[in-house]
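So, here come the structures, one by one.
Here come two complexes built around chain A, the first alongside chain B, the second alongside chain C.
And now, the complex of A and B:
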């Protein structure tokens, strides 16, 4: 076996250009696959991280009635803040929020919006709620960039907000946009208006009530507190998992095509080798190899393309990976409308497992593809091989 | 003289299309250790076929060839590979060197299959290259060598493990007169010094002139033999 490696290596290097073409194609597959997978892992990581930091903390408690996909539930999704939560809220480890359906009238157009009350003093989430302490004669409000763009709102814009209080009475007030924040999490941006929780409770006639809570304690294990039900970070980020899974499947098709091309090149080289090198095969047998050993030799030789490709991929791939991890990959389109937490720039993350599994898969496929045509050698007649007569 | 090869009623048939072609029609021959013999005959007379069977690269259809005590027709693939790697050397008309390997690596190749250390191999390769006068071409590769030099590398490769038997099929067919005489002289010297048995297949007059035993084949049969007395 050791001889096979030595010989295979010499033969491959000796074959020159053809070897290098195959190796370059294969190394390219290596780099692209690892990079693309790395982007997905990075994306997953970033999306979950951003969600945690901007919206959900380590998890949330939702009011029993609350269903983010059903606007009609909002009116009834509130209950008094359970006394058990109070110490945590005071310590800043839990943020109560109250939601209501409303309508805003930017430049006279009517536009539905989700109005969310949040304590101005909270620091658990990255939403710049301290701006809600601004003193104006209208209600101070903050919105995200996407919302600002789609509603043509700017800092200082004043708009009318109409909503119904808990008694069902319509109320119209003026709000002033005191800040516009930039986030990758669309669920706190698109069609959302943030105001001070206390103001909201007052206006809706719902003192001390909330729709949901985001909390900081990762070891939360109360599954239900009063009317509120625990939603773990895992539950809340399930959508991201589903999206990554879909993306993964989509990419797999691409990987398969990429590998197929590389494998086709190697398969072709193997077939050609076996026909062009009949005399050599006969010579190996004459010098004392069994035909099975020659099959091994040719298989190792083919599989070694993958080893060389991995080495070459390391040469230009590692700097590329490091550079990408630093500067990130900027998605060449507007990601803000995706409805998912997608940053415009994604930073790939490469795990050892990812690199190892990719290498093993490529090595295995290359071995199989190399072995397939090499099996023919076992059936060759050495005297005919020596004469180069096999068709 | 001890017998190194014993061939009894050897028949070899090849299937062609639906029928058969009988290339060897009943050969009886014995070779002793240290012979410098040649199978002589026109193209198609069965020289290569006989040499291939002696070299365990092919099987007899009927009869038997016993080489170094091993009955060729009864050897498994593994056993015949073992016989070749340990005891046989081959020299071909077209040299059959490994093109991408250096002269050293080509000569070293048969030793890689045997249990020698790196330093033992190095010494043996250098000795073999000394015999054929190519110590200055150690690092060259076959494409950089002349035909005569290539065949000398092939001889070194066949001789490096000091096999009991060397089979040379038309070794001079691609060489000019000067180179032919040169390599034949080299082989004759090795035959004398190492007592290696050489069997040639040839129809080249230059080769025939060096042989001590001439076996004339005709249509798959031994026609007659000539012995040259020293």
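And now, the complex of A and C:
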């Protein structure tokens, strides 16, 4: 076997440009597959991380009726804050939020908006709620960049906010945009206005009530509490998992095409080798090689393309990966209204598992593709092969 | 001295008699405006930035709980139907051939670009059931004597916490109405004109609806034909009628 490797390597290098062309194409597949998979892993990590930091913490408790995709549920999705939650809220490890639907009137236009009440003092989430403590004669409010852009609002803008209290009576007052925050999480930004929880509870006639809670500590043994059901981080990020899964499948087509191109080149090379090196095959057999050993030799020779490609990919791929991990990949389109936490720049993350699995897949595929044409050798007549007669 | 006191008392008494009780005024307004059922043809003219557009429709209403509207023109809106049952609202659009229930933030959106939101169409209980009334003054409006009444909600589940209403002193029809939020912010203004008499009741046939928080000249609602207490088949107020 050792001789087979030695011979295979010598033959491969001896083939010159033909080998290197194959190796370059294959190494390109290596780099692209690892990079694309790295981007997906990085996106997954970033999206979940951003959701955790901006919206969900380590998990949430939702009011039983609350369904963000069903407008019917919002009006009735509130209940008194359970006493079990109070110690955590006081320690700042849980953030209660109250939601209601309303209408804003920017520049005399009518625009529906979700009003969200959150304690100004909270520090669990990255939303700059401390700005809600600003002193102004209107209700201080903060909005996200996407909301600001779509409503043509800026810091200091004053607009009328209209809502209905829990009894259904209209109320309206002026709000002042005291801050505009930039986030990759659209579910806390698009068509939303954040105000202080206490003000919201007072205006809605819902003292001490909340729609949902984000908490910091996942270790607690949690289950349903009163009217609120537990939503783990895994439940809340399931959409991202589904999205990544879909993307992964979509990208697989691209990997397959790339590998197919490389494999086609290797397959052709193998066919050509076997055709042109019949005398050599005959000589091996005459020297005592079994047919199976000759097949192994040619298979190893083909598969070694993958080893060389991995080495070449490492030469230019590693610096490329490091550079990408540092500067990231900027999506060439506006991702802010995709409805998912997509950062404009994605930073790929490469794990050992990712690199190893890609290498093994490429190596196995190359071996199969190399073995396929080499099977013909087993059927060759050694005498005729030695004479160089085409079979 | 006695003569002077007697004169003042007479004046006070006469003044008291000349201005009816506010709740009585409201009751008379309700009598004019509310009916067991009505069928009307109307047009809505929406003043937009690119000019005005008019939508005509036919409405069947039973009490204050059920109503069914079919849009007749323009061609783009023709065949669109709207059904209100209690506090639920459905819309059928012929272009998609689908019935959708209007809820949540959709209720807050304007009806076909007008100054009316869907939720404005949802609350039409009798005024006397939901408001306490107080006469503030007597004013002249467009050459007619009116009572300016202040309405303050006596129930909690009312859309507008307070209203001001200028009621024609002779016909007991509101000629102008202002709706206020709890904070005192003026939200909507309604002007009513072209009052006609139908089967003994006075009814305004032109209403100009203005969302005071929104830019624009408001929405004009004009009734071209109205009939009270006519027979309306029950099937009209069903979701099945939307697709017919």
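FYI, the second predicted complex is superposed on the first by the 389 of 391 C-alpha atoms of A that agree within 3 Å, B and C clash if a C-alpha of one lies under 4 Å from a C-alpha of the other, contacts with A are read in each partner's own complex, and residues count from 1 in each chain.
Please note the rule applied: a contact is a pair of C-beta atoms (placed from the backbone, for glycine too) under 8 Å apart; a residue touches a chain by one contact, two chains touch by 3 or more.
From a predicted model like this one, the values you see are computed outputs, not experimental measurements.
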Touching partner for A:72 - first (chain B), second (chain C), both, neither: second
Chain B versus chain C as contact partner of A:49, first or second or both or neither: neither
Partner chain in contact with A:15 - chain B first, chain C second, else both or neither: first
Chain B versus chain C as contact partner of A:3, first or second or both or neither: first
Partner chain(s) touched by A:367 [first = chain B, second = chain C, both, neither]: neither
Partner chain in contact with A:290 - chain B first, chain C second, else both or neither: first
Partner chain(s) touched by A:109 [first = chain B, second = chain C, both, neither]: second
Which of chain B and chain C A:167 touches, first, second, both or neither: second
Set of chain A residues, in rising order, touched by both chain B and chain C: none
Residues of chain A touching chain B in the complex: 3, 6-7, 10-11, 13-15, 279-280, 282-283, 285-293, 381-383, 386
Partner chain A, residues of chain B touching it in the complex: 48, 52, 55, 57-58, 77-78, 81-82, 84-86, 88, 90, 92, 94, 96, 98-101, 105, 109-110, 112-113, 157
Residue ranges of chain C in contact with chain A within the complex: 101, 103-106, 108-110, 117, 119, 153, 156-161, 179, 181-183, 185, 187, 211, 213-216
Touch list for chain A against partner chain C, complex: 70-72, 74-75, 101-103, 105, 107-110, 112, 114, 160, 162, 164-165, 167-173
